[in-house]
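Just below is one structure, and these are the notes that go with it.
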Amino acid sequence: MQQPRKGFWYSALRIDRRYIFMLVFVSLTVPFLFPGMRVPVEVQNPARQVYDFVDGLNEGDGVLVAFEYSPSTAPELTPMATCVARQCLKKGVRVYALSSAPEGPPIAAEVFRRVAGDYGRTEGEDYVNLGYKPGGVQAIVLGLAQNVSSVFPTDYVGRAVADIPAMRHFKKLSDLKLCVALSASTVAETWMGLASARFGVPVATGVTGVMVANFYAYLDTGQLVGLLGGMKGAAEYERLIAENVDPERGYWFATRGMASQSASHVLIVLFVLFGNLAMIMSGRGQRRRRR
Amino acid sequence: MEAHGFWGVLGIWFSAALTVFAFSFLYKDNPFYRFAESLFVGVSAGYWAAMAVHETMYRDVVVPVMAGFRFTSSDPAAWAMILHRLVGCALGLMMWSRFLPRISWMSRWPMAFTIGFGTGVGIPYYIQQWLLPQIYGTVVPLTYIWTRAAEQKKQIGWGLNPELAAKMAEAIPPDGMLHWGLTISRIILFIGVLSALSYFFFSKAHKGAYGKFTRVGVYFLMISFGATFGNTVMARMALLIGRIQFLLYDWLGTMGVHLQ
Amino acid sequence: MRRQVPFIIATVAGVLMLVQFFVPAHGMVRMQTVFTLYTRIIGGFAMVLGVASLMQVSWVRVKRRADNWPFALTTILGFVVMFSVGVLGGFFIHDPTTGKLTWSAGIAPDKNPVFGWLFYNVYTTMDATIFSLLAFYMASAAYRAMRARDLTAGMLLGAAIIVMLGRAPLTAYFWDMWLVKPTDHQIASLGEITEWLLTYPNTAATRALMFGTGLAALAQGVRILVGLERPYMAGTGD
């Protein structure tokens, strides 16, 4: 049988993947070298709904932020947590953090450390880091619905919750005005299904890009009050915070990455188009040679 | 985490080295990558074990039981609390019987309890979460009434100031009006759900008009998978952006190079 | 007895939790509180079980001097150091607010310097880096494997391209500048098109999958409660 002649398209289809890796790395790194390359982020409804709901809360209300993720997904989810904390603490809304993931509490502690001092908020009065509990989200939410101190008798660093002033306003789940579940897994669905559907506490979620498409169904039915999807969702929320809450201190972690995100998406689209073009052209070349 | 003195800077350099070791796998598998990977596995296992020992064995068993014994003379309910903690501890210890083949059957009891508990919580959860609201949301509403408030919000989103947006919204009747675009979208949603569900019903042959209908369902499924892929690309790139930000801002920062 | 008792435990626990949903009387709520306590405690012991299994596998590799045994030794040393520092830290770390010696402060990475150093510079770093490698493989897959061989594959790719470009602020910005603003919003922005795609066609398919998953999970739950499925019997020698 005659061997196909190795033309440009044939070689293009079989390029060493390490060149592809290098192009990806370059496309993500170069935009950071040009800090003026900041593109405005268009805010969509799902993120706006989260912002509007928190904006509608009053001073003294309680918001629970569940840090249900590990450092691997922190670039997408920590900016969301930071924005929620900023908006709440600026308004005087109390923030309670907890986690069913062991890595959650130090991430929460870092978020509070970064944000609380900007608004003169103190731990124990305006925010509490309850820490981590193993056993799964179901057990935690069901326990919180009855009595918070039965699940978290002490906070993250061992203080008894009875001695924490802010905990006087959070005895059980129904004392809260909002739960924000930040998760890279189906844990966010469990928070929504139990806290919202069963115990009537409004839930907003922040999820990674992998899962965001699944959550639009919940947004449509009103099971969620808002949805933050991936780094883009975090950037949208950062824009709302910077425009309306804290123009001087908008934390630009997610927004800073948007130029790189854009470059990488364009690169991937070009890869897909070029790969398909190479397939078509190399197929045509083979058919011509067979004739 | 910000650098604090010598140990902070050393930590950032060690992190950067581990990051580069891990990225070296992209070139090919090598001992540096394996070292970084095995160190990560060990450290993460140590962290998880320390947290589990503290949160469960210490905080959920030892502390409440010791506190309970102090109150048993004054409060009979303390005995019940102690008993529950000890039963939980016993169930937990039975999980560890998996290490000894002769008594590994004992681990079935706590497993059975956990699975039974999860099932009992899950059954109403599945109905409340995935079935009833989603069925309702598919058919209600099929028409979309556009109100003045929605028009005002849309105009503000497009950059108009609130007063001008309110003026533009006055073109909408006070009771609202049928929004054809969104109504058609909701009908598309309804047809999409029915056709995609029909595709998974294999008791009837996918032939003729029914076959064409299920084909429409396949197209909806493909759009959904494509949207998921697009969002997954965003997610994966975001993770890599996080690492690059660490290298460019934190690591280069220790060498006096400060990017904005 | 070894097969019947687990089935009875699973069924009783499941039925009681199911009944509690419909009968939230005080006694049932108390029962739920106790059951959630048991589940949390079992979960903690199960975590230690998982870690111990991993260490056992690594120890066997070191003992037998199997291939790459130095890396297994690195794993064990990493575990021993991290676990010791975390557990022992509690005997030396004071809670800064109360000044009391507290084990809880010792287990917190931001309060225990050595524990924190390892957590932030090894654990956090490697967790993030290992996952970030997926971005490269995704790009490679996009080039080599994503082929529009027929209409359905073409639709998948088309939707993916729209979402990718819609989620990228730069492309959305240029689309706005060249198409949306000049036509006074007669053409929808790329972000709005992406949102429409996710809100309607994507939701339709997701919902259909949700119905299927929900009914299957419901059926599986009922099968577990009546004993037709016994996943708790796996891996224990029977």
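Chains: A, B and C, in written order; residue numbering restarts at 1 for each.
We take it that contacts are C-beta pairs under 8 Å (C-beta built on N, C-alpha and C of every residue); 3 or more make two chains touch, one makes a residue touch a chain.
This structure is a prediction, so every number in the text was calculated from the model and none was measured.
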| item | value |
| --- | --- |
| Chain contact topology (line, ring, star, complete or other) | complete |
| Centrality ranking, top chain (CA atoms only) | B |
| Per Cα centroids, the chain farthest from chain A | C |
| Interface ranked first by C-beta contact pairs | B-C |
| Chain centre separation in whole Å, for chain C relative to chain A (CA means) | 14 |
| Distance between chain centroids, defined by C-alpha means - chain A, chain B (Å) | 9 |
| Multi-partner residues of chain B (each touching 2 or more other chains) | 1, 26, 47-48, 51-52, 55-56, 59, 117, 121-122, 124, 129, 134, 137, 224, 227-228, 231-234, 236-237, 239-240, 242 |
| Residue numbers of chain A (touch at least two other chains) | 21, 24-25, 72-75, 103, 110, 131, 133-136, 138-139, 142, 154, 198, 209, 212-214, 217, 220, 230, 232, 261, 264-265, 268 |
| Chain C residues counted as touching two or more neighbouring chains | 21, 37, 39-44, 47, 103-104, 119-120, 123, 125, 127-128, 130-131, 135-136, 138, 142, 157, 160-161, 164, 167, 198-199, 202-203, 206-207, 210 |
| In the complex, chain B residues that touch chain C | 1, 7, 11-12, 14-15, 18-19, 22-23, 25-26, 34-61, 84-85, 87-89, 91-93, 95-96, 98-99, 101, 104-105, 107-117, 119-124, 126-127, 129-131, 134-135, 137-138, 158, 185-186, 188-193, 196-197, 199-200, 217-234, 236-237, 239-240, 242-243, 246 |
| Residue numbers on chain C that touch chain B, as the complex places them | 2, 5-7, 9-18, 20-21, 34-35, 37-52, 54-56, 58, 68, 71-72, 74-84, 86-87, 90, 103-104, 107, 113, 115, 117-123, 125-136, 138, 142, 151-153, 155-164, 166-167, 185, 196-215, 217-218, 221-222, 224-225, 231-233, 235-238 |
| Residues of chain B defined as touching chain A within the complex | 1, 26-27, 47-48, 51-52, 55-56, 59, 63-64, 117-118, 121-122, 124-125, 128-129, 133-134, 136-137, 157, 224, 227-228, 231-242, 244-245, 248, 259-260 |
| In the complex with chain B, residue positions of chain A that touch it | 18, 21, 24-25, 28-29, 32-33, 35, 43, 48, 72-76, 102-103, 110, 131-136, 138-139, 142, 153-154, 189-190, 192-194, 197-198, 208-210, 212-214, 217, 220-223, 229-232, 253, 256-257, 260-261, 264-265, 268 |
| Parts of chain C lying in touch with chain A, wherever the complex brings them together | 21, 29, 32-33, 36-37, 39-44, 47, 95, 97-98, 102-105, 108-111, 116, 119-120, 123-125, 127-128, 130-131, 135-136, 138-140, 142-144, 146-148, 157, 160-161, 164-165, 167-173, 176, 189, 191-192, 195, 198-199, 202-203, 206-207, 210 |
